[in-house]
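Chains: A, B and C, in written order; residue numbering restarts at 1 for each.
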Amino acid sequence: MGPIIEVQDIHFRYDKRTQDYNLSGISFTVNKGEWVSIIGHNGSGKSTLSRLLVGLLTPDLGMIKVNGIELNEETKWEIRTIIGMVFQNPDNQFLGTTVQDDVAFGLENLNIPYEEMKKRVDNVLELVSMTDFREHDPSLLSGGQKQRVAIASALALQSQVIVFDEAFVMLDPKSRTELLQTLRNLNKHYGLTVISITHDMNEASNSDRIIMLEKGKISFIGTPKEAFINYSELTPPLPERLRRVLLEKGRKVPNDYINEEELVQWLWKLN
Amino acid sequence: MVMEIKLKHVSADYRVGPMRSPLILNNVDLQIKTGSLTAVVGHTGSGKSSLLKTMNGLLMPKEGNVYIGPYEINQKINKKELKKIRQVVGMVFQFPESQLFAETVEKDICFGPLNFGVSLSEAKKIASEVIELVGLDQSILSKSPHALSGGQKRRVAIAGILAMKPDILVLDEPGAGLDPEGKKEIMNLILRQNEEFNITTILVTHDMEDLARYMKDVIVMDKGKIVYHDSVRKLFENPKLVSDWNLDFPEARKLQLKIEQEFQIRFPSIALTEEELANSLIEVGLI
Amino acid sequence: MNKLILGRYFHGTSILHHLDPRAKLLAGIYFIFMLFLADHFYSYLLLWGFTFYVMYLSGISFKIYFRGVKPLIWLILFTVTLQILFTSGGHIYFDWGIFTISQFGVINGLYIFSRFVMIILVSTVITLTTKPMELTDAIHYFLRPLAIFKIPVNEISIMLSISLRFIPNLMDETQKIMDAQKARGAEFGEGSIFQQMKALVPIFLPLFSSSLNRAEDLANAMEIRGYQSNKKRSSFRRLKWHWKDTFCLFTLLLLTASVMLIQYFT
């Protein structure tokens, strides 16, 4: 049982006339059930990488394997039932006239018979808590609800991995929190592998691993803790920021990165 | 220039086809002092965006009056006055980069001033000034808006409003959709305009962190009414209000509340940022 | 824009609302076809009666229907007047130079007026009682066989349904952009035709580019979800034909028979 995603030394450039690669030497693996955050400045190649993973772009060099299958023109259709994607703009990926029509769209593409479609649509709407909204048209939904429908659409195809391309950026904080909660649930209880391209350091700090891109190359792969310790330009979550402020004030604080639990535990120890 | 904003008993609704919507603003009274910096918060549908639109006549009051400095907005207003008000009240909508349309950045920035009768040469001069105000290079002026990044486009859109030399700046979620760095830059830009040029500034936000970090005064809207208009700090000191109006606390305050619960203590002052939290921990002797 | 009645769905529970959209579409087209075959005063009376009956069945007030005719009334009256003034035949009532008001002309004028108005009324009945999505389902059903001729039926249907789905978005965006440009001092509806058109550029260009972006995003989303043209697709939305739909078509046959009888015996 190998990793669910294997990226082997891929190179990609948009402008085929030059030798300037937008992405070069990208290699990493993702295991089933992991939550991986991909971070980096605008222009570092994050979006490009996400599109390569789902076959919207083809690498100039190197190979991508999904569930052991090499991604190419022939296999990409099959692979798209394993790996799905949720884009940034909640409206511009909502294809159906109602919630359930949108979820069914992918199933129609696979020519799945009606009875099976109905079952899957019901199932996935339940998973993302959108059953009550099944007949709503998108103009009645919030951004967060539309993104949940997008997740349901990928789940309907029985995707095991979903790539989120800055999918929370256009949402208000409340929608964002609800959506992250839904995702965490799917990740923990249904083993959904999550690859999330994000700017949100709070979200990244809760992932299993962080991949950092800089100018088209991987500059770091490791745990969130390692990332925040080694890269001072990353804004860590509040508990760690607090520790650093206290450190500056000359107070006795742990030498190491802490999260909220560790902060509270340490406060207990002191008192 | 004295540019107070006053709303007296303003109610408004929207005409949708042959029907009228329920009141989106319900008997609103408001006074905003010249040069102040005020945030507007409230749940979706509370009337925040509509409140902003009454300030430049995009939404006419059904009842009541809106006063912008010496000008009065009501159903009887004449076109010339309305146009003058639109020059005085600079309005930046959500995702303002979607309104860019001209071939070059310079032309787009000049659109506003030209509409208000400024000569082309004068408008170009202004464009060159404001492009630096928003932190962009002069070379951007000759580029097409489409060639810019999202953050740059937003700054060009804001420049287009600043070019009208408004006395009042009204912004609807100016940081929406930007990465944390971009958001910080925009917020700092707005704060600078307010401090350096005394521009009365009103901004709608959903972000409690921004509210805690940058703003002093806040208006809370609930179901078309203004339910609170006072300091940010006092609002966060009152958990009942925060929950009644469907708001949230900034992270630092949430963590502080959690620590209060865990250790059964009460902090004498609330913390809205990590610095304040550090100080309050020291204050109670936990650290 | 808001005065347009034709094309809007009006929620209701009448029997017409519950008919299969295919039946309604077929009935509507057939009825219009019949309008051009009718050639007698009593036939037209019968057709008018049928039209009013169907309008009554829809449960929507007649006021609304006639509001839908209003925008086109001048065009209709103009055409009818031309017909009356320039056609001759039968008894002449009035003759002045090139103008001739004749019995034939007047009757034909009435027929043309009837056809125009009935076409509008019947089309309005269909669009008021049928959800736009149902209409595209019906159109898709009828277009499907054309796939043999390599006509991209799937694409056409998806284009129709996606366009429908984004109409509210487009209207919102238009309003937003208008507001934003008004806030920058733009004025609409002022000045010469040329000036008014020039004023629309700051609206059209942003709409155009956002639509292009949207198209690209949608194409990506469709591809990710496995859409391939020329590949067979199943359908989640299903139209169910009931006896009342057959009955609906049957009434049209009855109507045809009646009209033919009238025209045969007179």
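Definition applied: contacts are C-beta pairs under 8 Å (C-beta built on N, C-alpha and C of every residue); 3 or more make two chains touch, one makes a residue touch a chain.
Everything numeric in this text was worked out from a predicted model, so none of it was measured.
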Chain at maximum distance from chain A, centres defined as averaged CA atoms: C
Pair of chains with maximal C-beta contact number: A-C
Where chain A and chain C are represented by their mean Cα positions, the distance between them in whole Å: 45
Separation of mean Cα positions, chain B and chain A [Å, integer]: 31
Contact footprint of chain B on chain C as seen in their complex: 2, 173, 176-177, 179-187, 201-202, 205-206, 209-210
Of chain A, residues touching chain B in the complex: 42-43, 142, 169-170, 172-174, 199, 201, 235, 238-239, 241-242, 245-246, 249, 251-253, 260, 264, 267-268, 270-271
Touching residues on chain A, where the partner in the complex is chain C: 51, 54, 56, 77, 80-81, 84-85, 87, 89, 91-97, 100-101, 104-114, 117-118, 121, 137-139, 153, 157
Residue ranges of chain C in contact with chain A within the complex: 133, 158, 161-162, 164-165, 168-169, 213-214, 217-218, 220-228, 231-238
Residue ranges of chain B touching chain A (in the complex, touch as defined): 44, 149-151, 176-177, 179-180, 206-208, 248, 251-252, 255, 258-259, 262-263, 274-275, 277-278, 281-282, 286-287
